[in-house]
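The same subunit A turns up in both complexes below, where it pairs with subunit B and then with subunit C.
Presenting the complex of A and B:
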């Protein structure tokens, strides 16, 4: 039993390695064309798909076993050490698996969605000649994500953190013949690196302060020396700032990158260049929630830095409303869902900001189900429509794709937070906690969140109605070929659909602090979560009402009177342009960061390196040469080396002289 | 089994003997002669590698100090001894040299211009480098240090690119000026302590700091600095490196980046820091600044390059900046963490940059260009190559799980307490480092094949057996040392722990001067409540 977590973490790695081994198998005759490979399903591809999918499905089964035994079986949290990775003298890093409610929840989320996505990909990537590579990356990603969540220390966490980042990079750029995919992949990696650099400095601060990066050591010291640690300060630009706050803030910046919070979100919409199953697994359900998980894992630290929690709350709220406004006007079905993810992650962060970590984790879990469902549903549409992603070239698809249609409805209802679907319970709890945060400081956050809830319903159902209702708006030839997806695609959507419907109801104990059995710590000074039970009725039901209004509005605008949105867009030209152009953040970065960096790099090379430093060097060399030519008049030989032998002799002589003088 | 010959002497003179043998190879048929010479040289380098492995096997990491020492009188009237020995700091660098040399020879297999002389020069270079790392007599060290210049000068100057003579002279003069100053410092130290014996000299200087006035120690430090900073190379003494790399043949670049740059860091670690702890501490802030600049500046300049070899050359400057930062941070609060980190970056950079230069050599041999703008879509024709380059790229951007990460993480984490600002600046190097490496990969390998690549697709076979064999050890070492860095760290654990000895006097001085402790112990009521919980 204690080794189950270890096994379930390593299974995807073994699957990926076994799949990778097939590359060592000599291919024999060169494959003549891709068409032939498709017809004769390659045995190596089959083996790789079997090992990866099989191992991840098995991991999912084990994950549920671990999770249920912890929850219902009364099992205790466990910690297994594997081996020492780094022994840097005074401190060590040991690989291992820390399995408490927090990591067990993530095991279930990660392994379940990953298993569904693996199976789904067998159908979705059927036509791709390099699907073997795809499956290996998917399994490697799953392994890295499990390493991240099971880590007993921040260094192993960082291994998983960067590991999921690189798998994301490889999968976004999976179709590497597409220039846009390569650009998006690189953008994702670099933006995340910016965040990671901040996080690294945060880790260094923690290491310096605690002498260890193991959670147990850090939390132990936080509990034992609370007052001393809270008073610790670090000099920064002439000011003294609290060390803990600085570290917490830097780590939050790292989390902002991975979880696409406003300012560091720009990579996520572009990441939709990757195949749709990737978007479902990595850019909706798991990797992007790593930041949320990390802050929950570090709740004992964040509880001591309330100023940072305020920042977290505001950043989360800003992201929630920003992404919701952008989601309203995008035309690419995947980008709308991507902005929706961004917005929902904002909710999770502002839950953390008001110390409602359990609510954040609860929403993380329900969101994983319904958002993965929405992405896979979108994938099913795209698959049926021969890679058409623009919702303005769809319409009336409900008769063609009835099962997908139902799934999209379920996912969108959960997203909009309509009871009894999953999102209702978790989103409701988040908003209530924000409303009831002690002192009422977070009430603006609540109002922003409630408004975003309405926008969520509008953009969520905009997709459903544009794609499935009304008249078809695209190429008639595409429609005549459109067909419901095969069961290998629809099948894996069923568990996720069940989750989107039931997860909120069944997992509602997750919304209480007690359920987490100490994996999450909340200071009694800011216990918004308990106070949330006493939310006044108007604050409790307002978001629901707004969401219902949103759905109605969406029906009116995008199913019934489709010409109204166009008129609205021309009337509200400026807000429309801002939303359509994603608040011009990319343009701003291009102008303020990307181009200056490029110019600076070129300038440093040309003017500092070549003309400046090397200019001096060559100048000195020329001067020496001229002096040498002058001296050469008296010499018979003129080989450069001889001159240097003499210089050397001179220096040796001087050295000896110095010796005699000083000695 | 005991080895019948003194192992370190053999390790130095076997390659030299091999160089002579290679020169003696003669055959009426020129092609046959070249082939025989190549085989001879390769054979000797492989035997050297086995011998190095033997030395590594018999090395006892638990035992501190130098091992396998050999002491013979050399020029007694001048106090010179032939003194050799290895410790955990020099051994990994010798192993690296022994590993890279056969790979370099294999990579030069298709050389047609006077191959006999090239292969002989290369073995002579290996001998000199081994000597540098094994020598424990200061003059002996100096002899090897200078001797190394000659074969390298020939390799760049004869077998290099279009501007080879300029590059070779620049390389030679730059390093030579630095090392001449070092010689003065060596002689001065001899004058003060009366010995060239490095362990004895270090002990003498440590036990009796009064041997030198602080000013004299600082001047000696600067003289050493001139030699080592050029060699590393530290910013702004680095401009010889891009030229040398671009003009050098592939094998020359590999050994230059893989081993020769490490000699500078080795010098700091072997001489400057333990012999001159106060002077080192005095100049450390200055070195932190130069190192942080090197990390960021060189990464940015690398990004500006269109010549792929130049790009990797600048990346070396960037990575070595991390080494100097960590080494000088070690006695000032960085401790064992920083020292482990610095040593790991040295070793790992030796593996990864060697691999990158080899990888660039592979495409240069096929397409005869280093112009990044001409490349694109190599993955279509060379998938195996794409895999190799991706592995090396990920190691270069220090992805956890690869060897690059452990060194980078420990260097930065270790340096942070000693130099928080410089370390924070250097940490942004992880952004720019990823920027140029991924840009390089994207332009070369991803995308659709460029017109140039398409035109030459017949010349683009994937990696063959010989090339796969070259990359195999490096590709295995990348994850191996990433997951089990202890394999390397345990080798130098004893000398790293012994660092306390040269840290002790420094700390006494530093405590009053440089370091402001970050964690101020709590004093009730005296601190602002900035980070306090809301009551």
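Presenting the complex of A and C:
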């Protein structure tokens, strides 16, 4: 039993490696005809798909075994050491697998969604010539993500953190012949570099303060010398700031990058350039939640830095409302869902901000199911519509795609937080915790969250109604070819649909601190979670009421009277433009960061690189060339000249010798 | 009567031969064979020096050295002539001024 986590973490890696080995199989393309080569390539593809999908499905089964044995079987948290990676005197980094409720929950989320996405991809990617590469990347991602969540120390966590970043880059840019996909991949990577730089500094600070990056050591010292550590200060630009707060803030900035919080969110909507299964797995269910997971994992640290928690709460609330307003006007079905992801991650962060870590993890889990379902449903629509992603060229698809339609309804109901669907339980718990946070400081966050909940319902059902209800608005030729997806695509959506319906009910113990068995620590000074039980009825039911109003409004606007939104847009031109242009964040960054950097880089290239460095190197080469040119004149090639030189040298030499001897 | 021949006379002769050889090499612009002959002249002047000094010092070592030098000179000349032959085969003449392929 103790080795089950190790096996389930390594399985996706083995699958990916086995898939990668098929590239060593000689193709024989030169000798055989093209048709034979294609057949061979199919065999290789099948092997790669079988190994990767098989290993991840197996990992999912093991993940559920581990999770259920921890939860229902009464198992205790386990910790397996694999090997010592670094041994630098008193500082050691030992890789291993820490399996407590927190990581076991993540195993289940990651492996389950990954398994569904692998199977789904067999159908979705069946026409793609390089689908083998796709599956290998997917499995490698799964491995990196499992490394991240199972890590017993921050070094291994960071390795997984960067590993998922690389796989995300590779998968966003999977269709590398598309320039926009390449640009999006680079954008994701670069924005995450900014965040990771902050995160690295935070980790260094922790290492300097605690002399270790192992969770156990850090939390042990936090418990033992709480007062001394809280008073520790670090000089920063002439000020003395609390070391713990600074480290916590820097790590939060790292988490903001990975989890697409406002300011560092710009890469997530662009990441939709990747294939839809990638969006479902990486950019909805797992990788983007890594930041939430990390903050929950570090809850003993964040509990000592209430000022940072306030920042986390405000950033989360800002992201939730920002992404919700942008989601209202986007036309690309995947971009709407991407902004919805962004917004839901905002909810999770403000749950963390009010110390309701269990609520954040609960929402992370339920969100993984319904958001992956929504993405896979969107993928099914896109697949049926021959890569049409604009919801204004869809409509009336419920007769064509009945099963997808039902799945999208379930996913959207869960997203909007309608009982008894999954999102209701977790989102309500988050909002109640915010409302009841001790001192009431987080009540503004609650109101923002409640408003965002209504917007969530509107944009969530906007895509359902625009795509599936009313009259068809696109090309008739596309509609006549549209068809319900095959079962290899619909099948994997079923477990996720079940999760979207049932996860909230079944996993509701996750919303309590006791369930986590010490994996999460909440200081009794700001125990919002406990207080949330006593939320007044109006605060408890307002979000639900708002969500229902949102759905009704969405029905009215996007199914019944589709010309009203256009009139609204022209009346409210300025808010509409702000929302449509995503609050002009990209434009601001372009103006403030990208263009100055380009100008500076161009200047450096022209004057420093070309004229300075190249000038130096080319100058040296030119000087050598000129000197050689001058010296070659002395080599006439005439024997007589050489002989004369020799004689003269002899005469002069002998003369000098004689002069020396005589003198 | 006859002046008796002293070492100075012989050394003067060898110096004249040496200078003749050197001038022959430097001023000759046409014929490689002539250069080879001039080289022999220089070696000869060295041989005369050796023989003369060994005679006047009553030491046989100089004579023996001379034989060695003659042998080496013969071998060297053989190689030189072989080079000239090859050169002629490749270029069709043995003009020194035309052998300037190595000019800068």
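Structure notes:
Operating definition for what follows: the second predicted complex is superposed on the first by the 591 of 663 C-alpha atoms of A that agree within 3 Å, B and C clash if a C-alpha of one lies under 4 Å from a C-alpha of the other, contacts with A are read in each partner's own complex, and residues count from 1 in each chain.
Assume a contact is a pair of C-beta atoms (placed from the backbone, for glycine too) under 8 Å apart; a residue touches a chain by one contact, two chains touch by 3 or more.
Computed from a predicted structure; not experimentally measured.
In the superposed model, A:91 makes contact with subunit B only, not with subunit C.
When the two complexes are overlaid on their common chain A, residue A:232 makes contact with subunit B while staying clear of subunit C.
In the superposed pair of complexes, A:471 makes contact with neither subunit B nor subunit C. In the overlay built on the shared chain, the residue A:604 is in contact with subunit B alone; subunit C does not reach it.
Looking at the shared chain after the overlay, A:224 reaches neither subunit B nor subunit C. When both complexes are overlaid on chain A, the residue A:537 reaches neither subunit B nor subunit C. Between subunit B and subunit C, it is B that contacts the larger number of residues in subunit A. Overlap of the subunit B and subunit C interfaces on subunit A comprises residues 640, 644, 647.
Remark: subunit B residues 169-170, 173-174, 176, 180-181, 183-184, 187-188, 190-192, 216, 236, 238-240, 297, 300-301, 303-305, 335-337, 340-341, 377, 379, 394, 399-401, 405-406, 409-410, 412-414, 416-417, 420, 423-424, 427-428, 430-431, 434-435, 438-439, 442, 445-448, 483, 485-486, 489, 493, 496-497, 516, 518-524, 527-528, 530-535 touch subunit A in the complex.
Subunit A contributes residues 631-640, 643-644, 647 to its touches with subunit C in the complex. Subunit A meets subunit B in the complex at residues 84-91, 155, 158-159, 161-163, 166, 169, 173, 176-177, 179, 182, 185-186, 189-190, 193-194, 196-197, 200-201, 203-205, 207-209, 225, 227-235, 240-245, 303-307, 439, 523, 525-526, 597-598, 600-602, 604-606, 608-609, 613-614, 617, 621, 640, 644, 647-648, 651-652, 654-656, 658-659, 662-663. Residues 22, 25-29, 35, 96-97, 99-104 of subunit C are the ones touching subunit A in the complex.
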